[in-house]
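Below is one structure. I have some questions about it.
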Amino acid sequence: MAERKDIEIDFGRIEAQRTRLNLGPQHPSTHGVLRLEVELDGEIVTEVVPHIGYLHRCFEKYAENKTYPQVIPYIDRLDYITSMSNEIPYVLGIEKMMGIKVSEKVEAIRTILAELNRIASHQIAVATFGMDAGAFTPFLFFFRDRESILDIFEKLSGARLLYNYIRIGGLMNDLYPSFKNDVLDVINVIRKTNAEVMDLLIDNKIFIERTINIGVLPADVAISFGCSGPVLRGSGVPFDLRRDEPYLNYDKFDFEVCVGKGEMGTLGDSYDRNIVRYHEMEESCRIIEQALKILPDASEDVRSAMPKKVAPKGEIYAKAENPKGELGFYIVGDGKNKPARIKSRSACFVNLSALPAISQGSMIADLILILGSVDIVLGEVDR
Amino acid sequence: MESNIILQLFGDNIWSYLIIVAIPLVFVIIYALVAILGELKVASWVQDRLGPMRTGWKGVIQPIAEVVKLLQKEDITPKNVNKPLFNTAPFVMFVGSFAAFAVIPFSSKFIPADLNVGLFYVFAVSSFAVIGILMGGWSSNNKYSMLGGIRSAAQMISYEIPMALSILAIAALSQSLNMNTIIELQNGGFWNWNIFGGSGPWYKLLFLPFTLILFLIYFIGSLAETNRTPFDIPEGESEIVAGYHTEYSGMKFAMFFFAEYANMFVVSALVTIMFFGGWQSPFGDFLNDPIMQIVWFLLKSMFFVFVQIWLRWTLPRVRVDQLMYITWKVMLPFAFIAFLGIATWAMLKP
Amino acid sequence: MGFLDRLDKGLDPVGPDIMLGTVEDLLNWGRSKSDWYMHFGIACCAIEFMAVNAAHFDLMRFGAIPRASPRQADFIIISGTVTLKMAERIKRLYEQMAEPKYVFSMGSCANSGGPYWEHGYHVLKGVDRIIPVDVYVPGCPPRPEAFLEGMVQLQKKIRHQEIFRKREKMSPEDLKAIEDRKIEMEKQYQDYLADQKLKNQEIG
Amino acid sequence: MKSNEIFERLIAEFPEDIISLNEDENSESFIYVNPRNIVEIMLFLRDENDLFFDYLSCLSGVDSKENLTVVYNLYSIQLKHRITIKADIPKENPSIATVEKVWLTADWHEREAWDLIGIKFEGHHNLIRILNPYDWEGHPLQKDYKTPEYYHGMRVPV
């Protein structure tokens, strides 16, 4: 159990004025509207105070004022990069409260879409991490290939970013005919780009030197901070809800939980968190390939299990392994058609709370990279 | 006198000198426009995009639109800046890079000022840029600018030392600091360029590693000198917004912009002069008349400008301490060794 | 009518090789073709804006180049939900930009509050409540094509602007309105200063 | 470990503070506890070898008309079991001891619960607003919350 420590730096008798620098809320690399109040001693960061809430969009207030199906669009807008995955814990929670069983095809589709969205999210994460390090080109390579994933989502749901596709007890509509081929094509494209980015960015000596040994997050501290997803796995903890508490049909697939190994620097540094994301893209491709095999070809009514009236009673903490980490919804239903309370436990919010602890004593250029390796989306932090 | 066609044509009077001054100025402006377009287009090419397409044919007059726009922009002098320093910094920076053009030989018949310490002079005036950046960074009264200015000063001063050593080695090899002399010694085709040890018998190739090291050291140093990636930490966008020119707008910013591109050309020209034969044709006397010499010189220099742009869009950025590590602990020892090697070759040379 | 439109329409050329245009046309052309933008990415729309920048849509085709510093930007793109906590920052950044400056409001949230219109206790219902907006791009989030259309519209707007409007040509009402506006702005500024002073006292 | 076993372990250790266990098939099983000894209970849950709840998944505040409730969703990464702990606190004096010393993640969760619901966490080192501006008034997720008309001169409702 690591205690919170105040780092005291002894500068002897030198009296130097420290700079208080305000990074954000509008800054090229705070990944949105995060504001970091940084105290600098030359280039060394002595204190980081995150100020959040610049994108507080009152999600929980909305959840109390909308009916259960109407909440789903707002859930899309939490972590707007991973809308498809966001819907899954909420929908699973309501289905469990109401005792709804969905068909095998619906589960397989949900799995495929969640994994596709995981790839899209990790692409952005690795890309922006590279951009923080000054490499602009991989960012555009990933955005180019992310379009092919978005095209599939668009053909399914009609929207590019915020889908509202996974519904309580089913899906918005059935797959289109060439879905399988599209997905297989996308996997090929992704693998090709990943190999390219490996050469261009991740194996680059400068990049490795920049990212190793900074922002080291030991495993026990990570668990105590409640970190999840690639941030926790980067510290070497093989915790993945897909394997530890299987939902959908993840228990049927053979995949590896990627953990950081500290092969270049220290275990749990920024490089490890990034490489975990990189390898997870490949694992997601494998899951998708297996899921496509068990996906039934026959078309069926994916809306058949959808309840006429959604008014569950009871309370549940539903969670799922999102690309960013564990996204949980604590849902309280009192038998009316509107939730009494929905609290979203967002992975980014929790992961970000570890930032001050791991960035003290680093340089200001490293602070940006550490923030990039934590991979936050402010929509989910502020909700 | 014989190295300057303008003086031969128009005589030794004030008008000739004005023309001599005007030619590099016009060249800098045209070159900067081409380089800006090149930057945009090369970046787009690397990133699988098209780049500017709507301004003229394939966007070729995009830089002109930029200049027309920049001329109209409001020129903000923020309230709490140190006004004299803030207003002079861009000009100091531009003068620093433009002054270097005085000794750059575009051809055997055109060199604005044929100084016998040309190499030394270029090196001296290009340090002017440090003062400009530091003035701009400090006077802006902005923490990002301040960080950028200080970083830049530290970086440029450190990188000048290994660069100076490689210049010294070339001076030892050519026994001269005069640009034209250095280039003339490299005549007779690419085989006699300094990168291959200058003119000499075959065993000059034994010293090839030393010249290559010197070339790399000079080129890497020049990237740091011009604040290009991977050493663009003074204006590293992801950390300190726009670095030392965060607070500058309109034409003052354009001066910084121009100065940066002019600096890029100066260092590329120096690489060409010192290692790649300057205006010499690569094929001996073939196509080596004064007009073609200009073409050769520009081709070689622009190639290195292109390499700088290309690197910028490919590599990540290094950190401040790594930057210092590279210069003091890697480049400096190697520069010493290479200097000794070249000095040996200069003594052995028949 | 702008210079290039006149070219398109083929209005009477004076001679075979002479094109007539005013200085204003040239200046407007320069501003419309060289748009350096500052991306104020806030929420979902920011991701779509990044997609606009990427290879598929490539905003740079229109001459738009990103700048990180507001001083060097020509227009600012507000993409996402503007919250009350953020509003003052947006206003300050807008004021730091150099004239002539333009504002893009991207997405329903920035236009009007969007889906957070009804119960959003912490959401500003439209960024045009604090800064003047030139182009509204609707959508939640707008498709990249919609944004590109907005870009074209902005260029059209810039090309038709009158920058050399003479004061003597203005009617007395206009002049009076300008004077009134000046007085009003001065008053607002004094109020703002007093407010800041009060706030500083409270904090300190 | 099943929730009833956890309940028995707890009731043996803290006979006065554990109120009830609620089990339901389609709902989360939760244990009501008395708020006054919450830190000791949490430390017990975290440090016992067979319980080992090292991971605080979520901490939420709920306003249920009569009183405010603090809900702790606990999970054990090593043993892979979960439990929900609930503590009711009165609306007039909504305060409970902080658990930030038990799990570091509770720091921000508690600040959020203070900001949105208005639960005071005694002993928290920095209990200030986190999502709303620092000079915001009221706690928006309370059932009787009224949206302010103006904030810094900007109109808030439509």
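A, B, C and D label the chains in the order they appear, each numbered from 1.
FYI, contacts are C-beta pairs under 8 Å (C-beta built on N, C-alpha and C of every residue); 3 or more make two chains touch, one makes a residue touch a chain.
Computed from a prediction, not measured in an experiment: that's the story for all the values here.
Counting only chains that touch, the fewest steps needed to get from subunit B to subunit C is 1. Interface comparison, A-C versus C-D: the pair with the greater number of contacting C-beta pairs is A-C.
The mean-CA centres of subunit A and subunit C are about 33 angstrom from one another, to the nearest whole unit. Between subunit A and subunit B, the centres computed from C-alpha atoms are 44 Å apart. Averaging Cα coordinates per chain places subunit B and subunit D 63 Å apart.
For subunit C, residues that reach two or more other chains under the stated contact definition are 54-55, 68, 85, 118, 121-122.
The set of subunit D residues that touch two or more partner chains comprises 131-133, 140.
Among the residues of subunit A, those in touch with two or more other chains are 28, 53, 56, 58, 61, 140, 144. This structure has the following touching chain pairs: A-B, A-C, A-D, B-C, C-D.
By the touch criterion stated above, subunit D contacts subunit A in their complex at residues 24, 26-28, 30, 54-58, 60-64, 71, 73, 77, 80, 82, 84, 103-105, 107-109, 112, 116, 129-133, 140-141.
Every residue of subunit A that touches subunit C in the complex is listed here, in rising order: 25-26, 28, 32-33, 53-58, 61-62, 65, 73-74, 77, 80-81, 124, 140, 143-144, 146-147, 150, 160-162, 378-379. Remark: subunit B residues 43, 46-49, 143-144, 147, 229-230, 232-233, 236-241, 313-322 touch subunit A in the complex. Those residues of subunit D lying in contact with subunit C across their complex are 131-133, 140, 145, 147-148, 151-152, 154-156, 158.
Put simply, subunit B touches subunit C in their complex at residues 40, 44, 47-55, 59, 62, 64-76, 237, 241-242, 245-250, 253.
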